[in-house]
Amino acid sequence: MIQMYHVYMSYGSDSPGLIDVSLRIEKAEFAFITGPSGAGKTSLLRVIMLAERSQNGQILLFGKNVANIKEKERTLFRRHMGVVFQDFKLLPSRTVEQNVAISLEVLGKGRGEIRKKVGEVLELVGLEHRAHRLPPTLSGGEQQRVAIARAIVNDPQILMADEPTGNLDQALSEEIGVLLNRINARGSTVVVATHDTAWIQRTQHRVIHLEKGRVVSGGMPLG
Amino acid sequence: MSKIVYFSMQAFRHIRRNTVVAGVTVGTVAIVFLLLCVLALVGYNLDRLGERLKAGLYLVVYLEDEATEQEIQEIKSTLESSEVVGSIRFIDKKQALEIFKKRLGAQATLLNEVGPDTLPSSLEVKLSSSEHSTKSIEALAQKLVSHPGIEQVQYGQAWLGRFFNFMDFSRLIALLIGALLVFATLMIVSNTIRLSVYARTDEIHILKLVGATDNFVKAPFYIEGVVLGGLGALLGIGGAWLLFILARPLVTIPLGPGSGDLNLEFLPISSVAISAAGGAVVGMFGTLASLGRHLRI
Amino acid sequence: MSKIVYFSMQAFRHIRRNTVVAGVTVGTVAIVFLLLCVLALVGYNLDRLGERLKAGLYLVVYLEDEATEQEIQEIKSTLESSEVVGSIRFIDKKQALEIFKKRLGAQATLLNEVGPDTLPSSLEVKLSSSEHSTKSIEALAQKLVSHPGIEQVQYGQAWLGRFFNFMDFSRLIALLIGALLVFATLMIVSNTIRLSVYARTDEIHILKLVGATDNFVKAPFYIEGVVLGGLGALLGIGGAWLLFILARPLVTIPLGPGSGDLNLEFLPISSVAISAAGGAVVGMFGTLASLGRHLRI
Amino acid sequence: MIQMYHVYMSYGSDSPGLIDVSLRIEKAEFAFITGPSGAGKTSLLRVIMLAERSQNGQILLFGKNVANIKEKERTLFRRHMGVVFQDFKLLPSRTVEQNVAISLEVLGKGRGEIRKKVGEVLELVGLEHRAHRLPPTLSGGEQQRVAIARAIVNDPQILMADEPTGNLDQALSEEIGVLLNRINARGSTVVVATHDTAWIQRTQHRVIHLEKGRVVSGGMPLG
């Protein structure tokens, strides 16, 4: 599903980003990415979601090499991914409902279907009573849950979540963990970057450990 | 179809949520169009003034005393065949002296001892009021001079010639300013829209990250640009109309004895429609100019 | 002092980091000032044209045959005391007939039998070229008519009178457009700055939350507004100057035989300086207008 | 130091914010604020930093009633506070160094002193090598540490931190905990809103528990 071979990505001479990263994440796998602050977790996810270009190495998504991919195709790939951004990236001028709906609108879904699915997913993250609010009027944890809702509403084949529980209390974090497990069980590949060691220890999932832009351990599937 | 509805809804939502930016954009477009309209209004009415004054322009063709009846007929037919010419009046020697005396006014006593044969008879040629330049009138005069039977050709009211030269010059300048203003309109409106698009760079990035195509991102912006541009243009034209309504009773241009007054007139409805459409187009191109560089991600 | 340096540094940092917004602001101000300058340029040169034409304007004061030497002296001193009057030339009966014959041209033969005494002697009054309106000339003419010894007062070149009326009317319209343009400048520039301040609402909020006073927040914005406004105005004036340089060789206005030509001239340096300062002030007020509502927190 | 009596604060009819909150935090105390997502932790901090007005009740800061305080005074109060915002609130167009320096610039400190203190505090949070970067080019955890640096650089009498370790790994979180303890030991009052139960359990500090806008427990000092 996700394959990287000797990938290098740099933000400029003083900021290496990723160095010689090789890893493979199988279809329907659940993988954690950990590592200290600034290790390159977000960078790795950005490369996978085609928001950042690698300077060197090979990347295959869904078995397809994405080295010299065109704009149009990039968009198509993104439609099969859901991303929970570390800084949420919600649109401040659209309501919670509209923010979540975007993932479906870009797919051209009908209004009835959109309304139904958005309602369901907001209930899943416990925000049905916030549907008509604007993101800037939400608490940090509420915003984070909107971001989660937007990422999962279109049943993505790859779900990436960057520190999705950083603003949530213990109980909610566990709920979100259960939610992601369920999505994973339905066949989605899930990649979660997190510092939440308790969560990692609760599960049996593989842990990819990054440090200073390099994969230190866990790059290849366990089997 | 349903896509257009969807994109329009997005555009209107955005306008409603960002009233300050939308207001500033509409206001800027309105002011620029107000200016453009006022300039057009002034130009249009000056043109109308010119038309009316041209009606007062005439040539006097002085005939030689020895001119034969046939020569006079030939001259008349030359005149009649010219599109510059409106009507022709024959003035015999006696009428000519009367007219000359009237024109001299207080000094008319000078001519008390002058016989009725002294002045030549003449043809007074009124010019057609439409589309002749001073150039074409001069060309006609030049052509007539060489005609047998003609002593001299003069302008009826010499100052009008100079006046028209001045008007031609003014029109050139007005056109220049007008062109500059149209250019300024384009620049200012596209700059304003660029600023408001720039303020939404983040939004564009997010949409693209969530899987939106370029067109999906662009469409609402275009609709917004068109709506705000068109609305601004309409407001500007409305403002110009208000100014016009206020100015009309204050401005009447006397055209001289017998010719009545010239009242101001608003721009023809077709130009108004074109301007409003222009606002929409300007809004669209402003968006076009601003969007390109923000879509790379 | 060190505070001014600090705030200026902030302002310049911000300009450097937001070249798009700064560029758009400067560009908009430049375009608007370019327009303003071109209009001022046209107005200024039309005024100069008017001045030059006024030099060709003269009054003819026809004297009664019975006028005494003393009356003539009185008339002369009345004329000399008027600031409208430039120079006075006495034309006796013989000269008058010569001039009249010349003016009649082809019809001069009419006067062959007329005696040298028929025309009255007169005073030809050249007008001073500076600051007299057609109104004040008419007032002088009116005053003279009732003077003993004067038969009649006439304009030397009647068409000029009409021309000046037209010029006065044009000037009114130009002033109106100019006022509108100044108003538009203020609005457009303050709108542009408002948009760029609006885009930084977050920054203002953060500064206030970190303990900045209103003035601490405002100062860099003001400096930025002043700098961008002044820069834009200078660029606009520069653009107008370029246009002027390009247009000058193309435009010369012939003033008629003997008077030479009128060449275009750029605005006086003082108005240029005032315009540039105006740009800075506009930038400042634009900032003022935009900042107020964002400081509440 | 911070006293609140029956304080009500509402964002509008559907969003109560704080309901009948009474609490006291002593000078040089270290207090945690916890509670589920949306409980009102951020709202409570915003009321204390005078960014939000209470509709009812009495609030005393430094022993002074701040009910009808003027704009000018509000600014002066803020200068004695340092705040780590949940969403960082860094200025994207200023470098890390400049962002941190703002806290000192508003106090009118000299350039030399500013340079020295900013250097020191960036070292404390481990970001001396990022001094000339712009915040958008930093990782989430790095941004969070810039926010911490800005909040502590002017030795505030009240330090408030809203989820200051949400984006930091275990090791860094502990370092930040130690740092806040040290600042507290020097006499600053420290108030931390957090979901990090491990951190709370590591320390002996008081915990103010909020739920649905109300103080459920821990409102008054232990003694």
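Things worth noting here:
When the chains are written out, they are named A, B, C and D in that same order, and each has its own residue count from 1.
Everything that follows uses one rule, which is that a residue touches a chain if its C-beta (ideal position, glycine included) is under 8 Å from a C-beta of that chain, and two chains touch if they have at least 3 such contacts.
Note that the coordinates shown come from a computational prediction; the quantities given were computed from them, not determined experimentally.
Between the Cα centres of subunit A and subunit D there is a gap of 29 Å. Centre-to-centre, using mean CA coordinates, subunit A is 66 Å away from subunit C. Inter-chain centre distance (subunit C to subunit D, centres taken as mean C-alpha positions): 62 Å. Taken as a graph of touching chains, this assembly is arranged as a ring, one closed cycle with exactly two partners per chain. Contact annotation for chain pairs lists A-B, A-D, B-C, C-D, with touch applied as defined. Considering their complex, residues 20-21, 24, 27-28, 31-32, 34-35, 38-39, 42, 62, 106-107, 109-111, 113-114, 118-119, 151-152, 157-160, 162-163, 166, 169-170, 173, 176-177, 180-181, 183-184, 187-188, 191-192, 194-196, 198-199, 253 of subunit B touch subunit C.
Across the complex, subunit D meets subunit A through its residues 11, 15, 34-38, 41-42, 86-87, 137-142, 144-145, 162-163, 166-173, 195, 197-198. Against subunit C, the residues of subunit D that register as touching in their complex are 49, 51, 71-72, 75, 78-79, 81, 83, 85, 89-91, 93-94, 98, 102-103, 105-108, 150. For subunit B in complex with subunit A, the residues that touch the partner chain are 3, 6, 13-14, 17-18, 202-203, 205-214, 216, 297.
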